[in-house]
Every structure is written in structure tokens, then in C-alpha cells.
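Going in written order, the chains are labelled A, B, C and D, and every chain counts its residues from 1.
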Amino acid sequence: MAWQQQLSASHGCRITVFDADLSKREGVEAFADQVIQACDAVDVLVNNAGFFEPGSVHDEPEGTLERMLDSNLLSAYHLTRRLLPGMMARRSGHVFNICSVASLQAYPNGGAYSISKWALLGFSRNLREEMKPHGIKVTAVHPGATLTASWDGFDIEPTRIMESGDVAAMITAAAGLSPQACVEEILLRPQLGDL
Amino acid sequence: MAWQQQLSASHGCRITVFDADLSKREGVEAFADQVIQACDAVDVLVNNAGFFEPGSVHDEPEGTLERMLDSNLLSAYHLTRRLLPGMMARRSGHVFNICSVASLQAYPNGGAYSISKWALLGFSRNLREEMKPHGIKVTAVHPGATLTASWDGFDIEPTRIMESGDVAAMITAAAGLSPQACVEEILLRPQLGDL
Amino acid sequence: MAWQQQLSASHGCRITVFDADLSKREGVEAFADQVIQACDAVDVLVNNAGFFEPGSVHDEPEGTLERMLDSNLLSAYHLTRRLLPGMMARRSGHVFNICSVASLQAYPNGGAYSISKWALLGFSRNLREEMKPHGIKVTAVHPGATLTASWDGFDIEPTRIMESGDVAAMITAAAGLSPQACVEEILLRPQLGDL
Amino acid sequence: MAWQQQLSASHGCRITVFDADLSKREGVEAFADQVIQACDAVDVLVNNAGFFEPGSVHDEPEGTLERMLDSNLLSAYHLTRRLLPGMMARRSGHVFNICSVASLQAYPNGGAYSISKWALLGFSRNLREEMKPHGIKVTAVHPGATLTASWDGFDIEPTRIMESGDVAAMITAAAGLSPQACVEEILLRPQLGDL
């Protein structure tokens, strides 16, 4: 892929891409196996898989919540559980869970998406406490509206929405702190507020 | 049942009991059907089904989270969605979701239970916003340790844990307010704090 | 006063009223002295003094925050500190702090009022932890818009705003639980949301 | 000062230091005047003045809360209000309020410090909402224990506490995002948790 070669060249690092469908359990397992085989160590795990569909908890289509839980919660839960033993053995690693502003308050048309992101925060907070003595950091990131494929088809003014680089910059900063500091939560929104 | 007859006699009201396994989707459907057939109207729905197992998100047995979501989240989600249309048609009703202190912060040995209760709070908060214009109240109740069957087998001093009547008293009070007032959250704990 | 005699008659209890300006330190002291002299024991203390002025933190008049802190925070802080020793000696008592929805999130035109109510919640949360071993309960109550003198002069539809009796009913319920149960937080709003 | 010359040399920038006692209103005014005279524009304002004294809200010495409010809340409130008009005229600027983990939950021996930091968060949250349309960003930073002069005299293992550079790194990252992105909250703690 072009972006992969560009990044490799500009940063002088090796980039490996695996295709995976993390909404399915077997996809998570296969991806975890590939990562474990390819990497000596996982230093940073960013749980960012997920998707958004507007809806309301009281009348969204049957099956919506189950699909949202599969993609937005169970993907991160099972992948993390597969990669943690290696991190715990090395007493090192940093897990970022990309939650959402919809993890913290009801979101108009959030529906099952909001429930799944709320659950992801519950996972993140409990994991943080459990990993304290193991030397592994856990950070919950709550981005508001960010220009990703989730917004394809919406007519958005670019100045009204965050860039994915904004989220990445905060993650990079948090990943670079001294070993004894753990960023627990980062909440960021469009300057003009939620869309 | 004895308690049923006692309550009927002392309060002069009709009590009907349905056995249901709400951890299974067909159990939810059957229970909803029975309720709809037996009741002219559902005035108060208390989503209290659920169970607790101590554990840690990083090493609890495979399948724990899925079972917790089934019992503690999807039971309430699907049952509420089945009973809401009747409430919305009458523009009246009150849904109480029995969340937990584990819905609000990491709980030692909370594990998947905490994730499921966090998700239940997400459901409750979104439902509250959605139901505002429909005249239906939604309340999230967060009890700490309460003497129920969940604590069977633990050696608990009675003065160290709340009685289920404490939770019931707060629900009764919240259900009796003026039509224009909605209790959104109630948090109660043992006086001496979490167990 | 007429309401005083009515209440005394209907409830068969003695009611004593003290006039006090709790926005001034000497008013707090005088009131505390009167209470201590008149009461064998303080079972329930409801810190409800305070006032609201719409404004914005960035341009409200000079001195606004200082006055809000005096009325809405320091009144409760100093009065509670004066009455606590008696409660602690008896290992019994219940302090209710009437915070606000403006203690939990930015409130349009909340201004210094919101800051003072946020601070009152900080006081309440810390006091709750400190009083755990002393047998004294502490509850933070967060009412949204309630029909009190604060709304005099505003044109409010009665169905759009809570009654003070709604708040009182929740406090009464919380004050009546078993000794081992402490309601920590109650959040209630108009059914249709914030005004 | 040596550090000042070092920083100037290594970063090629001009550094100006003003001594100020921000616990006193006249100190705030004098400092604001100096800043306004010396700077063409204030791009970033970090409200970090404040001090900590261990204590309990129920028995800390008389006057403690008033002093904490002066240093930890009113300093930031009045200084920000003095510098905001220039920022608003340019539609640009970023205010960081250094709150605390004690802004979010009761802190053992937090006492009046916790109340003042809670109030500072209330200021920050309201200011954030007010400044949205003015193009000015507002960020609340919640550091746990950080090795500063506040900990002089305590016997702290260096690996148990964060470095001030950890907090600075997160602020620097947040200050460098795209104009349309605003970091609202950053929470960071020692990896091993609160001290």
C-alpha cells in the first residue's frame, strides 16, 4: 500500500498490515495469532475497531445492540486478553481504548453505539486497576466527532470536526511519558462542541 | 407462595408471579407476553434481573462477559423495548434500571459484572433522554452491597450491608413524585462503604 | 407564623423557627448557637441556604463569585462544622447538602453559581468519606429547576418545573433507611429536562 | 536565573519571569498588568498556582478553606478574567486549568484543598462552554501526585510519583492540536495509583 511505503520511508521503520474482521471472534483470534507471531513484543495496543450507526435504544432494529457489542466491545476485550499475557510477562505495555464522548453521556441518536462505548469504558477502567501492579498502562480516550470513514456521506464542514491526527497526537504524547506516569483519561471534542 | 398471600392480604392488592429466565432471549419474550396479557398497563418496570460472579477482566473464564451481558444488560434492554410501546401509547410509565456502584467505577473483582453494569447505565442514560418527550420516567439506581442471594455463602455481618428494603424504599419514593419530576440517579452504599 | 401552626397541628410536633443570614459568618455562628441550645440532638441537617443569579464566569460582575461562595458554600461548611461535634459524640446524624445539577455539568448562565455548587459537592463528597467511621450519613442532593423563590419573576409553566415537595420526598425517604444504608447522591430533574 | 538562561539558549526564545503572589487579589492584578504590557498576545495560559495542606473538612483549622479558595480558585478565576478580553478580541488562546484528582473524588486528607480543586473544575467546565463560540480553548488537567515542592519533606520513592514533565508533555500536546480540536480533560496518575 502506498501510505505504508511512505510511512516506512519517512520514519525509517517497518510497518506490517494485517487484514482482520474484529467483529467476529475468529477474526480476533486470527489477528492475535498473527500479531504474536510477527512481533517480539507489543508495546502499544490501540483498540480502535468499531463502527457507528445512528439510532435510538427504544426503536433501533432488532440485533443492533448485539452487533455493536461484537464490534465495539468484544473485539477489544478478547484481543486485549490474548495480547496481555505477553505484556504481563515483560511487565511492560500500554493499552489505549478508543471510547467516545458517547461513553460519558447520552448522545443524540447514540443508541446501541453509546451502550457499547459505555461498556468499553467499563472494561477500560477495570483493566486499569487490574494492571497497576503489572506495570502495564491503560488509557481511555474519548474523542468527539472525528473525520473518519464513519462520517462518509455526511456533509461536514472540515472546521467543524476534529482530524484523526488530533487523537493520534494525544495518544503519542501519552505513550511517551515516564514509566511511573499513566494517563487514565483523555477527553477531546470539536472546539465548537458535539455535532 | 406464602409471601405472595401475605403481601396480598396486608396491602389489599393482587399479586401475580411469573417464573422467567431472563438470561435467555426466549425467556424475555415469554415473560413480556405474559405481562402484556395480564396487565392493563405497566406503571412501573424495575429491571433487576442479573447476577454477580467475582472475577477480573484480564483472566476471568472464557464466556463470562457474554453471559453477564445476556443476564445483566440484554435482559433489561429487550424487556424494556417490548413493554415501552404500551407505555408510550399511554404517555405514562416509569422504568427503574438497577445498575450498581460497579456502573460508576472499577470494582475490585468486578470483572465482566462491572462491564455489564456499566453498559446498563449507558442504556439507562440514553433511554432517559429518548423518553423525555414521551412522558415516561427513567431512573438509574446504583446500590452498593445489598443482602440478597448474591451474597449467599459469604460471611457478612448484617450491619455491614444494606437491606433490600433500603433500595425498595428509594424506588418507592422516586415512583411517587409529581408527574413533572424525574429522579435520574440514586446512589446508595453501606454506611461503612463498599465491601 | 400560620404555616408553622398548621404543621405543628397536623403533625403533632414542635416547630421552632430561627431567622438567620447564613451568607455572613456571624449569622452562621448565631444560628448554630441557637440550634445547639434549642435541640437535644440534631438528627437531620439540610444545608439548603443559597441563591442563584444568572451570569457567565467570564463577565459576571466583580464580586459575584465571592458572594456565591459565602452563601452557597461557606454557609454549609461552617454550619456543619459547628453542629458535627454533637453528632459525632452521639455517633448519629444525617447531613443533606442541597447541591444542584449545576454541581455536575456546566449550566447555561450558571456562572459563579455553578462554581459554588461544584464546591459544595466537593465538600459533600469529602465529608461523606470522613464521616463513615463516625456513624454519620452524608447525602448530596442535585435538584434541577424547582419552583422556589429563586424563580420569582420568571414566567414558568408549572408542569415544566419540579415542586419543592419532590425534593423533600426524596430526602425524607433517604433519612428513613436502615442505619447501615447511606444514600450518597440523588439527582432529579424536571421530566422535560433542564430549563 | 540560571534555568531561564539555559531555556532561552536551548530553545532560542525570550523568557520573562514575573514574581507574583496570586493568593492575594492585588497580586493577581499586578501580574495581569505586567503580562498585558509585556506580551502582544497570550496564546497559552496555564493556571497552576496553588498549594496543598493535608486536612479534613470536619476539623481542619479555621480559615483553611478561605485560604485555599484564595490561592487555588480565585487566583485562576480573576487572572483568567483579566486576560480573556485580549484573547477574545483576537479569537484565539488556550486556557489550561491545573485541577487535580481531588477535583473528581474525595481524597484522603484532601480537606479544603479538594473543595478548592472541585470548584476550579466547575470554573473550567463553565468557561469551556462559554468560550466555544469565541475560538478560545479550555482544558482541565487532573494530575495525581507529581514531584513538586508540594511534596518537600515527604519521603517519596521517585518511581512512585509522576514528574512535572509528564504533566507538561500532555499540556504541550494538547496545545498543538488543530484549531478545530479542543482537549477538554486530561486525567493522569502515578502508574501505581494515588499516594
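One rule holds for everything that comes next: contacts are C-beta pairs under 8 Å (C-beta built on N, C-alpha and C of every residue); 3 or more make two chains touch, one makes a residue touch a chain.
Predicted, not measured: the structure shown is a model, and the values here were computed from it.
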item: Greatest separation from chain C - chain, by CA centre; value: A
item: Whole-Å gap separating chain B and chain C, where each centre is the average of the chain's CA atoms; value: 29
item: Gap in Å, rounded to a whole number, between the CA centres of chain D and chain B; value: 42
item: Multi-partner residues of chain C (at least 2 other chains); value: none
item: Touch-based graph of the chains, sorted into line, ring, star, complete or other; value: ring
item: Interchain contacts, given as pairs of chains that touch; value: A-B, A-D, B-C, C-D
item: Footprint of chain B on chain C - complex, ascending; value: 132-133, 135, 137, 158-163, 165-166, 169-170, 172-174, 176-193
item: Interfacial residue positions of chain C with respect to chain D in the complex; value: 56-59, 65-66, 69, 73-74, 77, 80-81, 84, 103, 105-108, 110-111, 114-119, 121-123, 125-131
